[in-house]
Amino acid sequence: MKKSLLALAVLGAFAGAASAQSSVTVYGIVDLGFASTDTGAAGNSRTNGINSGGQSASRIGFKGTEDLGNGLKALFQLEATIAADTGSSFTAATGNSGGFNRFATVGLQSATFGTVLLGRQTSVVKDAYDQIDPFGDGGTVGAISNIFFNGTLSGDLGRISNSVKYTSNSYSGFKANAAYGFGEVAGSTSANSNYGLGLGYANGPLNVQYAYNNQDSTNAALANISKTKAHFLGLTYDFGVVKLHGAFADTKVDFPVGNDGKYRNYLLGVSAPVGPGTIFASYAVNDNKTTGSVDQDTKKFAISYSYDLSKRTNLYTGYSKTSNDANVKLGTSAANGSDPSIFNVGIRHKF
Amino acid sequence: MKKSLLALAVLGAFAGAASAQSSVTVYGIVDLGFASTDTGAAGNSRTNGINSGGQSASRIGFKGTEDLGNGLKALFQLEATIAADTGSSFTAATGNSGGFNRFATVGLQSATFGTVLLGRQTSVVKDAYDQIDPFGDGGTVGAISNIFFNGTLSGDLGRISNSVKYTSNSYSGFKANAAYGFGEVAGSTSANSNYGLGLGYANGPLNVQYAYNNQDSTNAALANISKTKAHFLGLTYDFGVVKLHGAFADTKVDFPVGNDGKYRNYLLGVSAPVGPGTIFASYAVNDNKTTGSVDQDTKKFAISYSYDLSKRTNLYTGYSKTSNDANVKLGTSAANGSDPSIFNVGIRHKF
Amino acid sequence: MKKSLLALAVLGAFAGAASAQSSVTVYGIVDLGFASTDTGAAGNSRTNGINSGGQSASRIGFKGTEDLGNGLKALFQLEATIAADTGSSFTAATGNSGGFNRFATVGLQSATFGTVLLGRQTSVVKDAYDQIDPFGDGGTVGAISNIFFNGTLSGDLGRISNSVKYTSNSYSGFKANAAYGFGEVAGSTSANSNYGLGLGYANGPLNVQYAYNNQDSTNAALANISKTKAHFLGLTYDFGVVKLHGAFADTKVDFPVGNDGKYRNYLLGVSAPVGPGTIFASYAVNDNKTTGSVDQDTKKFAISYSYDLSKRTNLYTGYSKTSNDANVKLGTSAANGSDPSIFNVGIRHKF
């Protein structure tokens, strides 16, 4: 239980505090474990070590809510990834903007009209696939964004700076969202900008999510801006004994000259209570359909088992293998055609 | 209300805790909004985007007080600027030392003798103009330090590392402070050092602040150290329906050889409750009086409207325009003689 | 008292909360003071300033414990050094990995089997000498690691990334620990790896600590890995009026080719209540016994006085002088044979 909730519970029980009281909540995850990573290259390609974020990115955050009355609330959130294996944090590493790279937002939530947030936040496409991926797009083993969309949204790339996002309230399970990320290139409203639209239905055992995202490239010559257009459609159905996950994505990179890039993605997954824990597995494909592309497809299989010690702490183990065709490298692959794999076992603690 | 205060309130009400109990307070501001910024350069000079700190720099801090008895307290404060639009934080950007760039202090406060703080903190000149500027030297629209002192104290430059500062208690409204920043250059007590003296009177509707600051330049050849000497005098008078703000500054840069730099500054400002919010406006001048300087003056007009949703959350909008003479560029100007402007609308939430 | 403890105390007293409740504790130290540092070089070698960490490194941390039942607990800790004199923090400076450079750990603690922690943490050798050094290996004046082990473990170098550490519970005062730090070099389990073993006995006035550490160098050519093998043995005995400290260390650097490095260290120290405070002093030697080494020994004397204003806040002053033989420079020495010294006076506040 968070400190602020504790304090509020005490106040609520004993002091009859006004409902508008709010506070900062300090929260986060420390996830560390042994990992054996193989890039699949010829020769000495395996690295053993203690890695951060095997199941979920280690992180620290600060967030809060203020009740403004009349069904209106102010919200803020600041959240940073932590490289807990070395401590290194708040610095810009690969696929990480540095600082509060995960969330840096403030906005308003209305019980009538929904929520508007400004700042750095998840794209609507990431909002969709996070709900569909058995691994919740988390960790180093199974995250869907690792090969979906040809890898262009992996890790921190599913987050947008300088953005405004609207999320509707839920109406009988239906919910929509829309986001716009400013490109902030002088004299151009297009370069580096980003927009997305999402629609979802979550009710009982069924969850269906659709999202579309357009990312314009940054380019000094505005006529040379390429546009990466990504559609995502996914669903999960919870049968109780097992939950099925299915996803499809279509990505097109419109280049001003030359062949456009075309990629299709498929994912089938399951999650199920097994013994004292839960098993997660997925099989995903990145099908490169660009005109002229030869042997550039990638397939990935991932499986993980999670065992809860409490609601906040669990042990986990996982394995994944990525198979690259002869002329492509995705995942942690070091060279075209190599097949990277990872095995891990660790502990994740939420605070 | 802060967590610590909550907890203390509970303790106070139910546990009869000793008055010396203290704690860490986590606090901050997230301020984000739409901004349209024009450098005033020829061609494509306008950038639209979501910017951090339109009204006040986004920040996160940790502070606390310990009652040592006999009217003595120990104090500490750690405060960092947040670039909430991209999340990037704790890194050294322009005019930002990185880390806890705003405050990193520890010291003692005596009910009899006043307060001594060590570390990184605001200069006494910044302490003065923060009180006089209608914009409190905050935000991207109207901050006084943007053109005052020829722009040499803008943003983070009004803060001093490696410093000791004494602030007296208030005597019938009179209050004095003095600061010294060590230069920390081996073998020289002068190079890079900084000292300042301030005196203020705040009583009823009147607030008068005077401060003087001397900054020695860092220079390998000690004989070449230049000294930037800045005087600031300002006052505000609150008539109730309107508060008037006036400021004057005189800056001299003593160069060991060649012409000394000379700058005069003037500011007139108002702040007033208008409708459901408050309006702030200022007109400021940087008059370059250096011998031989031609067409190097700058004028700036800024106006802002702030509407409170609560004590902690408000909406704001603002506009400012800086007019540079033909041979000077201050503010966000890209080229001599250009006239930068900014319009913004945003939300500021304090936690 | 920490916020979380406050909240828990309130809960415990009034709400009869379950024992498993836990929380985040925000804690730290801000230690700032005047320091006059002389590198001992010819000419202008003295620097005066306000320095951070004169007695203990300034730091901020987040930690917590979750009771999992059956004598099992989950633990995490994130702790970062703060350069409180300039605010600069979370960045990688000399002897500092950046981010949460002091601790970034998660693990399990069993009332039966002891504690296992993963991540970045202190080496077992540092765990030992921290207990024996009168200065607790803290601050800029007397830290033992400044010259022990030929300076190879000074500051942040006594901490290990990518590591797993086991610490036993205490049995009649006996306690053991063991750590392994993965080298994380592809294809090599040796390069850059680190392991250590420690054994201690602490009972009544006596504390004896032994630890051994082996650090393999990182080297592209695996046959060229050198091994730094360090033994440490220390004890303290508290006579009440005075506590005696003694330490011995033996370090051997096995080079694949050429002469191995050999270093012996000795420390004698006292700590004693004197007047209203406590005095700490030590005399330490780094004896370079490498074959062929001439005039490469270093001796260091350090003394400090600490005066408590409360349990959390104290004033301190200290002085140390390092004497380098003609062909060696350790400590803050700038050139072979120079004798660096430091004097400081400051305030340390724990929150």
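Some points to look at:
For clarity, chains are labelled A, B and C in written order, and residue numbers in each chain start from 1.
Note that a contact is a pair of C-beta atoms (placed from the backbone, for glycine too) under 8 Å apart; a residue touches a chain by one contact, two chains touch by 3 or more.
Treat the numbers as computed from the prediction; the structure is a model and nothing was measured.
Here the C-alpha atoms of chain A line up with those of chain B after a rotation of 120°, rounded in steps of 5.
Counting every residue number used by either copy at the chain B-chain C contact, under half are found in both chains. Separation between the centroids of chain B and chain C, computed from CA atoms only, is 38 Å. Looking at chain C, one finds that residues 3, 7, 10, 14, 26, 90-91 touch two or more other chains.
Taken together, the chain A residues at the contact with chain C in this complex read 1-3, 6-7, 9-10, 13-14, 26-28, 30-34, 39, 43-52, 58, 60, 82-91, 309-310, 312-313, 346-349, 351.
Residue ranges of chain C in contact with chain A, taken from their complex: 3-4, 7-8, 10-11, 14-15, 20-24, 26, 62, 64, 66, 68-69, 72, 74-76, 78, 80, 90-92, 97-108, 118-120, 161-164, 182-189.
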